[in-house]
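You will see subunit A twice below: alongside subunit B first, and alongside subunit C after that.
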Partner chain A sequence: MTEQVIVSSRTIDILAVLMLMMTIVLVGTSRLRTSIWAYAIRSFLLTWVSGLIAYFSGIHHIFIATGISLALKVIVIPGFLFYIVNKTKVKTEVESVINYTLSLLISCGLILIAYYSMQSIIKFENAFMGHCLPVSLAITLLGFFVMIIRKKAITQILGLLAMEDGLFFAALSTSYGMPLIVELGVFFDILVSVIIMGIYVYRIKETFDSIDTDSLRELKE
Partner chain B sequence: MEILTLLIIPVITATACVFIKKHSISKYVSIAGSFIAFVYNIFLNYNVYTYHTLSGLNSFFYLDALSILSTQIVTLVGFAAALYSAGYMEAELHEGVFREKKLRWYYFLFHMFIFTMLLVCVSNNLGIMWVAIEATTLATTFLVGFYNKKPHQEAAWKYIIICTVGITLALFGVILTYHSAKGVIGEIGYALNWSELITVADKFEPHLIRLAFLFILIGYGTKAGLAPMHTWLPDAHSQAPSPISALFSGVLLNCSLYGIIRFHILTSKCIGPDYSGTLLMIFGLISVLVSVPFILIQKDYKRLLAFSSIEHIGIIALGFGFGGMYGVYGAGLHAFNHAVVKSLLFFCSGNLFLKYKTREIENIKGAIKTIPITAVISIIAIFAITGTPPFNIFVSEFMVLADGFSSGSVLSIVFSSLLVIGIVLIFIGFINNMFKMIFGSPTTDIPRGEVSKFTIAAMLFLLFFVLVVSIYVPPVLNEILHNIYDIVRNA
Partner chain C sequence: MSLTSNIVLPILQLIVIVGLAPLVKGFINKIEARFQCRRGPSIFQPYYNLIKLLRKDAVVSETASWIFRATPYVAFVSILIIALLVPVLSSCVPLNFTGDVILIIYLFALGRFFLALSSLDTASAFGGMGGSREMMISSMAEPAMMLSVFTVSLAAGSTNLGNITSAFLDSSTLLLNPSLFLAFAALCIVIIAETGRIPIDNPHTHLELTMIHEGMVLEFSGRYLALIEWASSMKLLILLTILVNTFLPWGAASGLTFSGLIISFALYVVKIGFFAFLIVILESSFAKLRLFRIPNLLGTAFILSVLAIISLYVVG
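Presenting the complex of A and B:
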């Protein structure tokens, strides 16, 4: 391994940890704007990783995916979410059953689970991306966790986006991303789903006068 | 090229429907488009019948018996639903439930929905299949929330959130499969093509593929309505307009299950059929058992039909899980039978709703006097869906059960016995709840007569297939089902 690769491998490890921290911010904050910023920064870090990989592997399609990721995940989607927050005038998350301290503790547990489960399952042939798969699984699990414990519809969207970021990172770290056509399809799906969810957040706010998903309780047996 | 044509037909229809303002014209465009797709698919059917597989566009598309069965169901029920929509949506338009402008988008999304489902079935690349399955969710969210009142918004929100989370988990399964395939194939572009994967699946790393199948089963299982991930299903099915509910139940669930079966075959080839087969059996049985109490105590007839869909998806999963000749053949046949019968029942329920304006079973009486044709068809469909001989569902359920009991493993026999109990209880629940609405004397203020000719035409069209398959399995279908067994077994 050349000097340069080792340095960039270290850089990727640091970026991975920073991404994980941004996801923990999502778990630990009640301010919606902070959460969206955390998402934007994490997406930027992910794009950075993807750019590094593109540079060192020299595979063209990763450059394209990096560019789209930069435009979409760092600029368009966060911008759209800010727009929705401004429009619905909802600023903070409500205290849920699991309070913030406890949810941070549970997050630590989830990260440990991700680390140990992945270590036993995948032998890392690829030292370049050594510690990334556990981190990506941890980000996915934390996103899932946020969707379960938080009540505001926007936070649920952010949880979903965290899950998707985690999976992108997993794809990057295991196999340098998916084939280009699949990545394009996935980007398209993410964009459209966020837009549709945003529209529904707005509609729910209009009809229910709140975006607490707790108020969605009419349909049951 | 042939496959591309099949995909283009619904896209053209969808685009045309956006630009036509008058419903009196757009309904015919929509019917014509879906009819062409239906006929074209029959033509493709004979192609697959002769050549076994078709591929197109640099093997971007791939069509074998498993996919042609799914596309056949999509186009058949799609045509029936387009026909039904013409009558149903027009009736609601006249009542002023929504404005005419909105119908353009209804038809656009309707045909895009058909397009995405066809794409699920014909894509060779498992990643594109994932994209298409997610796209079915996106195309239908606004259809679930079409009426845009409180319950519809709630259903739509639950639908998009739960399904997207589920499908996101499935992406992890796809990534793991890609990772293990890259280790064997090496080349990037083709490493997700099913036709390539199936030839090298035995060289995959077993623990990776095991994990991948688990994520796929949970992920696509959410969309397929397998319990316990089914929670979005009764809400979405009951709040969507009836033609859309029919498509959901009859077709969408099959398409997601199709995704699971593809991975089931890969997993079987890699580590033998026991692991994935047993998982399919477990989730299938849970689905059947979960639906039983809700069908017995149900107050809302559309929710009742939705829970029945969970039951039948469970039976199909069980059939593939048992994995013998009769099990796989029966499961494929059951997918077809369930699609036609359940869509027919949703059409009946739509007619009931148009007439009585309520979804409560208690508030409906004497359908046989107010809407006699619908009532008679409903009686046939109810007997069919509960698996009463001589109807088609009896045949396929019997095959699945026969395979379970004859397979020799204790687990299969226990599962089959529980399945029999479930089916009997569901029969009681169905007869008890549904016949309340058909018989008795109606309250006087309900006008007599059917609402629309289109709805009756759509129902007779489906009824034809119910009755035909009750009598005998047409040779093309028979051949396709045998081929499906070959595909599953050769794994």
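Presenting the complex of A and C:
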């Protein structure tokens, strides 16, 4: 029995670490399509984790959240982002305020902060699924960081989605998810905000002939 | 270990590493040619090349010093020593008492250092360029390699590769550590950088502006070139062996029985073949990175290895 618990908690830990690796890809890659793929794969891993947690805990509403997240985050949102990229015909190079090596080093620092700040809680929790909480905090921080350093509107959407993934994962791994009605609300929020931002991306492209958010400064008098 | 195993094991290990290394190279070339819809050279072509080169005279530049002559031997012998320091077919290592994984990293560095020196020695422009590039790449790949190897050592409780393999063989849940996954990913990137495969360096090119490893060995000919080529193919096989026997050690014999060795040899060939096939897929689906993009990829490897060691330290 304990052997099985160890194996299942280690499996979830490994999936969590793979999610973190996909977020590092989002920071490190210079291609727009690669970063959207990284988002889709991370969402798939997150769905997998929530399916596993639902199976191990036997709580029904996590199954529902898993199904919705599979449909929405793995299929609809990445598909919509690819559609936007194709439609606006933007250059597929990601532009960043600081260079890639420096941003990788800073993101390394952020992940270290996440691990060290969670150290006392992990010790308290007897190392069961010990990687989940630091990883979820790290994904949230990295999403925030990507929103700050990237210039293109689509990469900023991806940063926001990473933050949402991190929060969802934190709630899932610490307290078996939020109540179903809250989760439904969050999913709906995410979908609507992505679609609205997608339309904004399209308008920015029409007005400025690029989706660089820096050019929004020209709106000033 | 008994007296016979003291004699048999090193000989077996040398036969496997030294003998099969060109075959791995030939296998990769053949499959890669198949991927590009060519028939490709025979799988034994690297052996024919080595035989031809060993028969030929070596031409040495008049300005070259003793370093140029000594380099092929230093490169070859340092790799030979490493071949006796890694567990290949069984978790017993012939030179277990002399050194551990830190010595292996330094022996790789020794061979590379002499190659870089000899590339400067003949004062050819391409040699210096290749040497400086190789040093740049290795200065970024080495820390990542050290950290990921140290993560494995911390998890297994030993810096000795043989002990690491047997520790992972004994406990099935020890390998299910997420930190080891990070270390594995980092080590994969480092191996591609160290052996000069495609996203970092193209082993088939002799175009002046892009070559890294080939630029360094451009001045060598005859038996010197044969030794260097042989050493580089052995380096590929040894790095794959380290990867296979630390992270996927299942089937490696713990004793020295005949049947155990046969089974572990078959599994070893399958595992190495699998990773060689992965290299082929990688090389066929990616273009070579621009030189100034390489720090990006190796930086990712470095970060993954730092995370591996920190998460192992924090979470355990």
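By our rule, the second predicted complex is superposed on the first by the 202 of 221 C-alpha atoms of A that agree within 3 Å, B and C clash if a C-alpha of one lies under 4 Å from a C-alpha of the other, contacts with A are read in each partner's own complex, and residues count from 1 in each chain.
In the analysis below, a residue touches a chain if its C-beta (ideal position, glycine included) is under 8 Å from a C-beta of that chain, and two chains touch if they have at least 3 such contacts.
Because the structure is a prediction, the values reported are computed rather than measured.
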item	value
Partners on subunit A (subunit B, subunit C) - clash or fit	fit
Which of subunit B and subunit C A:A38 touches, first, second, both or neither	neither
Contacts of A:I154 with subunit B and subunit C, given as first, second, both or neither	neither
Touching partner for A:C108 - first (subunit B), second (subunit C), both, neither	second
Subunit B versus subunit C as contact partner of A:M22, first or second or both or neither	neither
Contacts of A:A65 with subunit B and subunit C, given as first, second, both or neither	neither
Which superposed partner A:L46 touches (first subunit B, second subunit C, both, neither)	neither
Minimum Cα separation, subunit C to subunit B, after superposition on A (Å)	20
Common interface residues of subunit A - those touching subunit B in one complex and subunit C in the other	122
Residues of subunit C defined as touching subunit A within the complex	173, 176-179, 181-182, 185, 293, 295-296, 299-300, 303-304, 306-307, 310-311, 314-316
For the subunit A and subunit C complex, residues of the former touching the latter	3, 6-7, 10-11, 13-14, 16-18, 20-21, 24-25, 28, 30, 100-101, 104-105, 107-108, 111-112, 115-116, 118-119, 122, 127, 130-131, 134
For the subunit B and subunit A complex, residues of the former touching the latter	125, 127-128, 130-131, 134-135, 137-138, 141-142, 145, 148-151, 153-158, 160-161, 164-165, 168-169, 171-172, 174-176, 178-179, 182, 188-189, 191-192, 207-208, 211, 234-235, 238-239, 294, 297-298, 303
Complex contact set, residues of subunit A against subunit B	59, 61, 121-122, 140, 144, 147, 153, 156, 160, 163-164, 167, 170-171, 174-175, 178-179, 181-182, 185-186, 188-189, 192-193, 196-197, 200, 203-204, 207-208, 213, 216-219, 221
